[in-house]
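Some notes on the structure that comes next.
Chain IDs A, B, C and D follow the sequence of writing; residue 1 opens each chain.
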Amino acid sequence: MKDSRYIRAIGEGLAEELDRDDRVFMLGEDLVDAGPFSVTRGLAERFGTRRIRNTPISESAFLGLAVGAAIAGLRPIVEVMTMDLFTVCMDPLVNHAAKMRYMFGGQYSVPLVVLTATGAGVGAGPHHSQSLEAWFAHVPGLKVVMPSTPYDAKGLLKAAIRDDDPIIYAWHKGLLSRMGQVPEEEYTVPIGVADVKREGSDVTIVATGLMVHQALSAADGMEEAGISAEVVDPRTISPLDTATIVASVKKTGRLVVVHEAVKDFGIGAEVAAVVAEEAFDYLDAPIKRIGLPFTPIPFSRNLENALLPTADHIARAAREACGVPVEQ
Amino acid sequence: MGFSNERFVGMYRSLLLLRKLEEKAVEMTMTGQLWGWLHSYLGQEAVAVGVCAHLRNDDFVASTHRGRGHFLAKGLDPKRMLAEVLSRQDGVCGGKGGEIHIADWERGIIGSTGIVGGILSTATGVAFACQYQGTDQVVTCFFGDGASNQGSFHESLNLASVWQLPVLFVCENNGYGEFTRQQDSMRVTDIAIRAQAYDIPGVVVDGDNVLTVSAATEEAVARARSGAGPTLLECKTHRWLGHYTGDPQGYRSKEEMEECRRTDPIPRFQNHLMEKGLLTEEAAQQIEEDVDREVAAAVEFALDSPMPLPETALTDVYSKAP
Amino acid sequence: MKDSRYIRAIGEGLAEELDRDDRVFMLGEDLVDAGPFSVTRGLAERFGTRRIRNTPISESAFLGLAVGAAIAGLRPIVEVMTMDLFTVCMDPLVNHAAKMRYMFGGQYSVPLVVLTATGAGVGAGPHHSQSLEAWFAHVPGLKVVMPSTPYDAKGLLKAAIRDDDPIIYAWHKGLLSRMGQVPEEEYTVPIGVADVKREGSDVTIVATGLMVHQALSAADGMEEAGISAEVVDPRTISPLDTATIVASVKKTGRLVVVHEAVKDFGIGAEVAAVVAEEAFDYLDAPIKRIGLPFTPIPFSRNLENALLPTADHIARAAREACGVPVEQ
Amino acid sequence: MGFSNERFVGMYRSLLLLRKLEEKAVEMTMTGQLWGWLHSYLGQEAVAVGVCAHLRNDDFVASTHRGRGHFLAKGLDPKRMLAEVLSRQDGVCGGKGGEIHIADWERGIIGSTGIVGGILSTATGVAFACQYQGTDQVVTCFFGDGASNQGSFHESLNLASVWQLPVLFVCENNGYGEFTRQQDSMRVTDIAIRAQAYDIPGVVVDGDNVLTVSAATEEAVARARSGAGPTLLECKTHRWLGHYTGDPQGYRSKEEMEECRRTDPIPRFQNHLMEKGLLTEEAAQQIEEDVDREVAAAVEFALDSPMPLPETALTDVYSKAP
């Protein structure tokens, strides 16, 4: 094991897979000069511009091109700079990548990874801060992963690149410089398997992306109040590992779901619905959901901060679920 | 063109097969044997045949909702195609795709999709893979005049130009997008002029003449194969029927509907072949009978094929079943 | 009251509002010749091509154009032929129409109605059959309505046209020729108000669009088994009338949610989550959700039928919730 | 151009204001007083000023992430603009928009958004409303060279052409989209050539010369106002700094970065005015002092303005609060 930053772990995952398999290549805006987030730093020098390509500002065409390349046997990794920008390229993803295998009767697969930055909190404003994973999770044929640690970031990325189906890999801008342990040796993290990031017995907190860390700090803070919180990180949003979530709730009897996307019609609703269906008899309290209020994300720092879910919100909800509310 | 006589006669046969199978499909739609809508290719056959005459087996085509001509010309088995149009188990996509969504990867048919303009970038991507892997295969992407107003047209042609990809963009200009005339959706007469926006060749040909289509394609394919990049080829043609079978065509005059059949590519090519002494009356007769038999066999095969098993509705979503 | 078809009710709603207000106009493909679904039949003859316009096949630009026109004081109605086609025009809707009012500090509104056909069951295949309302319901700034009857179709349409914010109006292809009572006189149906389509006391069935009718027939069928089902049609998906839904579940103690969209991460999850949060103590049974299995929609009629939710599915779920399961 | 002397001097003042306010904003970013990134307009001032000189108060502009020049030239109060860039309560959008998302409807500033190419169709829609309502207002839509590769460019220009809408599309070609050169994202040298795809005029001018920009705009605006439809005007200009403030510009040589300042529009125009006797040293001095005061006042105003109240984060989502 070694200590590594999240961004470094992503870079390593990319480099290792590019090294392993010539069919792997990358497309996106400004990748050669490492893009605004520097995720691809050093890759063009090492692998050349045949494999690390700058594109015109034509997301729809270059994502569609990647779909074609994937069908023809390559394994493209495409960067769509931020998740907000999928609005200009939903079609190659949703109507083509996701459905071509099915509608043509399984004649071919579309092994494609779409790398994208999600998340708010960095002053990027209404058009560069959205979390839209719920859209993609609702599309059969796609998979969606959201790593919260350097370990998961590298392991899920490598697994995604080796997977035969189209995958959205949404990393969080607020995690870029977060440190964590990463194995020295080769490993992958399986797609579709949740991770219990902290064990506990009183309440289950299901959290994704940056919110995993808010949930962990809320859980730490609740210890002194005598509440033992379990934090489950689905890691893969679709297919969702409902077994792990349901098992946790059966153990704790209480559920808080938290994500950074707007609460309404977000992935937290699916988690809550699954539990209300499959662990109903084990629930001791109403399910709580936490997410962004139903508004776009404003630019101003203090407005943004007024909206984003925090450890404090999570702790309050968890304590309320446990019948130990904080006095106001 | 350095084609052998047999090759020319083969093109004639191909035109006839497209025409006759399509007439049959239209008839089956009108008589309710076909579930869904049918977007007839009648009248546009010279484009598919003229273009595909220059493609190798290992080359690729991408197609549209009006795609049966392209599929047949690229070698899709008429039986399995018709079975798919009838959404049967033995259809080339097992009944999941139906009329509009057909692929046959083994024959280099990338696919056709229900999103106008949607396949252009996919096709460009297959061309990218050819270039990336250093093969000399080429990709042909068919689309309509209406599709050239989609953003995907612009972005895909630009991308193909920037990377000089081996792709031939064939715009089948039949003058209509559904019920709307070309002149109501753009002010240019020749869509080929749009090639200038990407610094690639833009060529206009009579799309109802299989020889002019073929000659222009020969050049464009050679260009793509040699690494010199994409071409936009506009084939002016005519959609004999409505947008789909059953379209009452209130937007089109009777005269126009009759007029547009005047340039029928089949008698034109037949006359040419006969004048050149490449086809005799008897040979033509023989070919026609042969094609009739093939169409009849396809119809029989398709109608005999059972509907797909309900449980197959759940397969093929992912590469590995969960 | 008079008997009217759903399609006729939509056409009347359009005509009345076009007649009432010159700022109202329509854009879309082939509207002048009434489009493939004939919803706009007769309108071009009556209102001329200044107000009923055919567009090029450029959904992104003409929807964006409508956004600009709305900002500048007009009241556009745009047709995006089927809901599947939003993949090529999400940006003007999600990043522009939905956010411009907010991000510019409320300087203007974007009064825009986007008419679109949703739903499967008519052999339209994977690219013309999807129900994607969950995407739009997850976007702050947008509203989403889904009328299930001629009455609601006309009333919601007129209300939507008069509303100052962008609204997706998703009508169902399978309802086009459905008959129903429509008032002779002028009326609107308020946005954001659910309708109890059938009263009952044992189980609440929340259903949308075409599924309302499947739910009603399931409810009728359950009567003989002594189960009294209440059918709630939200009519507006966003903002969702959670009060009506929660009140119904508080009365019945049981909930089945049904929609035609794929079940996973669909709007049914939100309904279930809201109830699991707000009516938890009233629930006597696990919440059941019914929706399309997690697959694209195939072309073949028998494959399509194998996937679509039916009255039978609904009845089974409701009976199970009530503890009166059908023997297999 | 039939401009009065005052008008020319006003343009000079405007250039100076854009430059100096922008220099200040860059400085404030480098010193951490500004939250977020800043996309500097330094070097491109002649485009905004030359174009907006021909717009009436009731005309419209639509802008980009690099929009401060357009806003000021169209009359946005520097105070309220800078306050928005600093995301303060008195910002023209109440701090919700910030640097990239700014509108001022009262001054005909439709808005700028974070989606490259996204505003083109919106702007076209405002032009549609002008035509629909029979006014003679015109809309100018600014965008970059990189944006011309987006599908929205293609679709919007086509739509504006089909309906002959009163809109002027101004492409500010600064040779880069973020860190990528124009020649790596398209093979055409002149983006204006793309106008041919829509049968509208495409004009190329030296964008660092306020007079050539102004002359071309005059013609295009007159055209639009008279109902003759859209124009694509390409202004070749230079982005002095990186894509955003702090961009290390590893992709660009030192020489290029120095070179690109050679065509500085301000001394060029100043010399011209002085040669023509329209500006004296003293007048220039006076204007500069005046502009300095205005910039200082804007800075003071913006820094004095409080951060927006947290509860305003929840307002303005819908027209009526639920």
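Here, a residue touches a chain if its C-beta (ideal position, glycine included) is under 8 Å from a C-beta of that chain, and two chains touch if they have at least 3 such contacts.
Treat the numbers as computed from the prediction; the structure is a model and nothing was measured.
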Chain whose mean Cα position lies farthest from subunit A: B
Centre-to-centre distance between subunit B and subunit A (centres being mean Cα positions), rounded to whole Å: 41
CA centroid of subunit A to CA centroid of subunit C, Å: 30
Where subunit B and subunit C are represented by their mean Cα positions, the distance between them in whole Å: 37
Touching two or more other chains - residue numbers and ranges from subunit A: 55-56, 58, 60-61, 84, 87-88, 91, 95, 102-103, 125-127, 140-141, 294-296, 298-299
Residue numbers of subunit D (touch at least two other chains): 95-97, 101, 113-115, 118, 149-152, 155, 158, 162, 184-186, 317
Pairwise touch network: line, ring, star, complete, or other: complete
Complex interface listing, subunit C residues touching subunit A: 60, 84, 86-88, 90-91, 93-95, 98-99, 102-103, 125-127, 132, 134-135, 137-138, 140-141, 238, 240, 261-262, 264-270, 272-273, 275-278, 280-281, 283, 285-289, 294-296, 298-299
Residues of subunit B touching subunit C in the complex: 35-37, 87-88, 95-101, 113-118, 146-147, 149-152, 177-180, 184-186, 243-244, 250-251, 307-308, 310-314, 317
Complex contact set, residues of subunit A against subunit B: 25, 50, 55-56, 58, 60-74, 91-92, 95-96, 100-109, 111, 140-141, 143, 163-165, 192, 239
Complex contact set, residues of subunit D against subunit C: 91-97, 101-105, 110-111, 113-115, 118-130, 132-133, 151-152, 155-156, 158-159, 162, 315-320, 322
For the subunit C and subunit B complex, residues of the former touching the latter: 29-30, 32-33, 36, 54-58, 60-61, 84-85, 87-88, 123-128, 293-296, 298-307
